[in-house]
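Here come two complexes built around chain A, the first alongside chain B, the second alongside chain C.
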Partner chain A sequence: EDESVKLISSDGQDFEVEVKVAQMSETIRNLIEDTGIDAAIPLPNVTGKILAKVVEYCKYHTEHPTPVSEDKRDEKRTDDIIPWDQDFCKVDQATLFELILAANYLDIKPLLDLTCKTVANMIKG
Partner chain B sequence: MGQQASLPQDVITFTYQFLEAPKAYALRAVCTDCLYAFADIESLELSDSNNYVNLPKNWAKTIVNELTNLHTLRIKGQWPDIAGIARSCPTLLNLEIVGCTRPGLTSGLCTFAAHATNLRSLRIRSCRDSDEGLSSLFTNCTHIESVSISNGLNEMGGYNPGRLAAAMSSMAKLKNLKVLRIEKMGILYDNALVKIAQTCPTLEEVDLRDEMITAESLEAIANHCKALQTFSATLPSQVDKGKITLGMQHITKECNQLKKLVFAGLPDPCLVNLAQHCQHLEILELTCPATAASDAFLDLSDNGIAALAQGCRKLKTFKCANLRHIGDSGMAGFIHEHPNLEGLWLGNTSVGDETCAAIGDTLKKLRKLSLRDCTEVTRNGLQSVITNCTAIERLWLGGTDMTDRLVDVVITNCPLLKEITVQDTLVGKKSLRKLADAFPALGWAL
Partner chain C sequence: RTHPQPTLAVHNHRTQREMTDSAKRQRCNNEAAMRLAKEEGVLQRGKHPANVMPGGMMWMDEDSDVQSGRQRSRSLGRWLGACSDETVLEVMMFLDGVDLAAVAVCSHWLYAFANHDDLWRRLAILQFGADHARPVRFVKNWRLTYVLHRQQETSGGGGVGGVGRKRKREESVATQSLASFQVRKVYSDALFLPWMNMSRDFAAAWLATDNIDRRSGLTEQEFIDEYESQNKPVVLTDVVTKWRAFGRWNHEFLSKTHGDALVNVQAIDMRLADFLEYSRTSTDETPLYLFDKHFAEKMPGASEEYETPKYFRDDLFKLLGDELRPNYRWLIAGPAKSGSTFHQDPNATSAWNGVLTGSKKWIMFPPDVVPPGVFPSDDGAEVMTPLSCMEWFANYYALAKTPGVTPVQPLETVVRAGEMMYVPSGWWHAVVNVEDSIAITQNFVSRNNLNRVLRFLQFRPEQVSGFCHPQGRSLYDVFREKLEQVMPDAVAAYDRMIADEEAAKQEKLKSAETYSITKSAALASSSSSSSSSSSSSSSSTSTGGGLFGGDTSFSFGF
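Right, the complex of A and B next:
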């Protein structure tokens, strides 16, 4: 239950993460299903700085699951971002873009939704 | 500064869905990545509530022309040239038009019929009638699986039986029809529904709320639509109740795949049939209008509720509100036999503490409960519910014997609470403040 898995960023940083937190990433979830949790998982497309942020996001959202709205029309809303997520995205543009790339590569849908909504809000002005 | 990473095209396309059409139109001109990503957009909403003053004429047509993969189009409001947009949507699968009362709607629908022949679903809401347009769509777009037409605006006012005659008749050509929803159109169907039921045995969902159903159409559905999973209808006020009841009896006997049934005041013999024949039922809504006369729905009684106890074990949602003659004698037994219930609406009925005890004993998975205006329920009854149903998320207790002390019990026992209403009770402002402190996510009017 408290098992953890090791993730390695592109610049060689180690991150020991609880399995249920790491499995917010579909990519990692599939890798674990194939090869187990004993071997460390290299993530050559994600730097240590960004992986730290991603892990922070996944930890928070595993501990505080947000209920998904039952109304399909809410999917396109951009004004319902929770305060913690808003603060999480208060980063410079380059970091935000790298977070989008990481969320896309690691297949973490809620993080991809959040970062793209943030970009959409910036475009809306 | 290093080279800025460019976003993958599919991510840009994904981002477009959060932008309104005018902003998307502006973004696409920023760079070639954005332009190509724009062309991949699958879903577009054109709403005349946006500020389009500064946009070039015909910009909507320009946009739609560039979208090579458009699957879903939603047009809201009084668009002047729907036909122009319709010409450029050969890949369209889902079309929704809301709030268009211009005459151009008909030529728009006919143009969609000519060009969007792969259409799978159609939704028309609060638009002017267009018999010719709809008929054209149903004749040419034979892959349509889902039709939803509601809140039609009849210019002539009043009751006009022939309004959508051709459209209803053409609907029988849709051999793959799975979902049929017609609401607040006020159409008299005569034999149209019978023909549709006969030629579309694939029907899975039929929703005819506030429509004038006929006994013949109910019989046809019972005989031909064995795959039916969802059925919603209302008892028309000026018809032979006996024949309609017979039709519903046949449906509840023959349509064994039913998962959801909505019919205000469904008579007892139908409930007996449900318990015997419809073991997949998950949602049953029998709630009557609040303004109904007290003797309007006496064919649904405690005996019918008691009969329900014998079957339908998969039931998760049960709504039976505004029936003052329904009390504990059937309800308590029904609840004891349905431990999987997650939602229970018994507002404005005569259920009392015996039912509440059954709820507290049996419904460990209960998430939503309405006992609004249940004046037979005492504090003891409320206590047994609140103490035992610890999974509860939404509680509607307005007009009951709810007190400040019981609010304390809620705070202690219901950690997952998301919503609670206690209007017209003895609960005071102090307790409301306590609730707000205990559950920061709660929202109601203080």
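Right, the complex of A and C next:
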């Protein structure tokens, strides 16, 4: 239950991450199902800097799961970002967009939603 | 594949002296590709309204900035430009109407994205779908529909009551001001394919197979013997033709008689008359589909104009009474290309589907054969399928027909006006309207599918649908109770069947258990007379004689 798996960023940085945290990524979850947790997982599309942020996000959200609203209208709201997430997204544009790409590649839907929402809010001004 | 004809290119070069060389070549390539696409029956409605091109065509554009992606990045901006088309659409989905309109004026690519009609359809459904005071009225496309609805909200016009002169004026002004700008060099499959899929007509091949029996004049017993007891589909040709509604219910009649009824169209409630107009003019790839379970109440007199055919009158869910009975009858209507993707009907019921106008393509697989392109979860509770019927046909139909892919070939036919399909319990089916259609359907439980239904209700209570008990009792309990009062023999037969199945399962498990326990006993070399503790996860019914009794337990011996 506190088993961990090793992730390797494109620039060779290692990240030892609890399995349940890493499994927030559907991509990693599928890989683990196929090859187990003993082998390290290389992520050639994600730099160390971004992977660190992603791991931070997943750690927080595994420890503090947010309830999902049943109402369809809440699906695409942009005014309901929790404070921790707001702070998380206070990064320069380049980082924000790299987070979008990482969330997409790693298939972490809540993170993808959060980053797209943030960009949408920037567009709204 | 044929290549564009050289003569076409030459002809165009001669007639467009004004344009630069590359623009001329560009235009030739586009026209040639269009012609090719038309010849293959792919493009029926001409080009995309904003002139978005398929993604692959960027390779025919000689502009190196296009092929490198730089032009796209410049147009979308450095950061959005780094995202895929799908991600850009994800971001756009968080914007409302005003934001989308603002984004649209920034660049060609942003215009193309911000005017993607699906985005406006989502907005319309989310914001106006449940508004009964001012139901959504579809006009031409979703963007226009949304703008008009907002306009009328603020100006106080529109609302329930039909189309007046003022409204028509508003519409024509809005239409003109939203006349589509033609983008240049926007190559995107994410934006183009939905348009293309919807423009694509049914390929003749998809409609060709017809291997379901068509019968008329069947007695009830014949129907049971030849179809119901064998859980086999059939098309009945002499039932719908006798209904009063047949020949009477068409767009004109329904709009006039029941036009104001608020009917349920997926996530929206709309006036029936407005839906029928949408049905005539829709260009959506996945058109909205009317599926109303309360049509009998909303349309006074409607339920008198058709009758349940004699083969299906025995609906045991009737025993539950009107209050508790799960939804059982629907009016269904929709434009060509609307329909349902593969599913099994709720609560393991059987169904009949009578077509009043139009025609529907049916494709069906038996209960234990999952169709290609359909991915049920392990417990069957969730089923994933491609987005639209058209997409399924385009991507999976050929596979489904390839021998060996599934254990049996699918059953298919086109059911026409005046005909009725019988869908036996558990059969997978997908239905697409080949043309604008109106139909009535009912689900039922008969003696013949009673066991399947009871089994479903007992063992998959979380998948039961359309039932809500004030004290939270399960449908299985309530239904069983009623059945015991009226036909206790049927309930007893069901119980026996389940007991037999359970016993057979135990037998199988027992022999598997014996094998593994024998093995571990041999390995552990512990006393074989230890008490038979059932360590497997199956239930603890005693199998008599102990696991180590007799020679059989060592028949697998080491």
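Going forward, the second predicted complex is superposed on the first by the 125 of 125 C-alpha atoms of A that agree within 3 Å, B and C clash if a C-alpha of one lies under 4 Å from a C-alpha of the other, contacts with A are read in each partner's own complex, and residues count from 1 in each chain.
Criterion: a contact is a pair of C-beta atoms (placed from the backbone, for glycine too) under 8 Å apart; a residue touches a chain by one contact, two chains touch by 3 or more.
All figures in this text were calculated on a predicted structure; none of them were measured in a lab.
K.L.:
For A:60, decide between first (touching chain B), second (touching chain C), both and neither.
P.N.:
Touch status of A:60: no partner.
K.L.:
A:112 contacts which: chain B (first), chain C (second), both, neither?
P.N.:
both
K.L.:
Per the contact definition in the header, classify A:84: touching chain B only (first), chain C only (second), both, or neither.
P.N.:
Neither: A:84 stays clear of chain B and chain C.
K.L.:
Which partner does A:96 contact after superposing on A: first (chain B), second (chain C), both, neither?
P.N.:
The answer is second: A:96 touches chain C but not chain B.
K.L.:
Considering only the contact definition stated at the top, list the common interface residues of chain A for chain B and chain C.
P.N.:
Dual-contact residues (chain A): 75-76, 78, 94, 97, 100-101, 104, 112, 116-117, 119-121, 123-124.
K.L.:
Enumerate the contact residues on chain B facing chain A in the complex.
P.N.:
Chain B residues touching chain A: 4-5, 7-8, 10-11, 14-15, 17-19, 23, 27.
K.L.:
Okay, in this complex, where on chain C does chain A touch?
P.N.:
It is residues 79-80, 82-84, 87, 90-95, 99, 102-103, 122, 126, 267 of chain C that touch chain A.
K.L.:
What does chain A use to touch chain C in their complex?
P.N.:
Per the touch definition, chain A meets chain C at residues 72-73, 75-76, 78, 93-94, 96-97, 100-101, 104, 112-113, 116-117, 119-121, 123-124.
K.L.:
Which of the residues in chain A end up touching chain B in this complex?
P.N.:
Checking each residue of chain A against chain B gives 75-76, 78, 94, 97-98, 100-101, 104, 112, 116-117, 119-121, 123-124.
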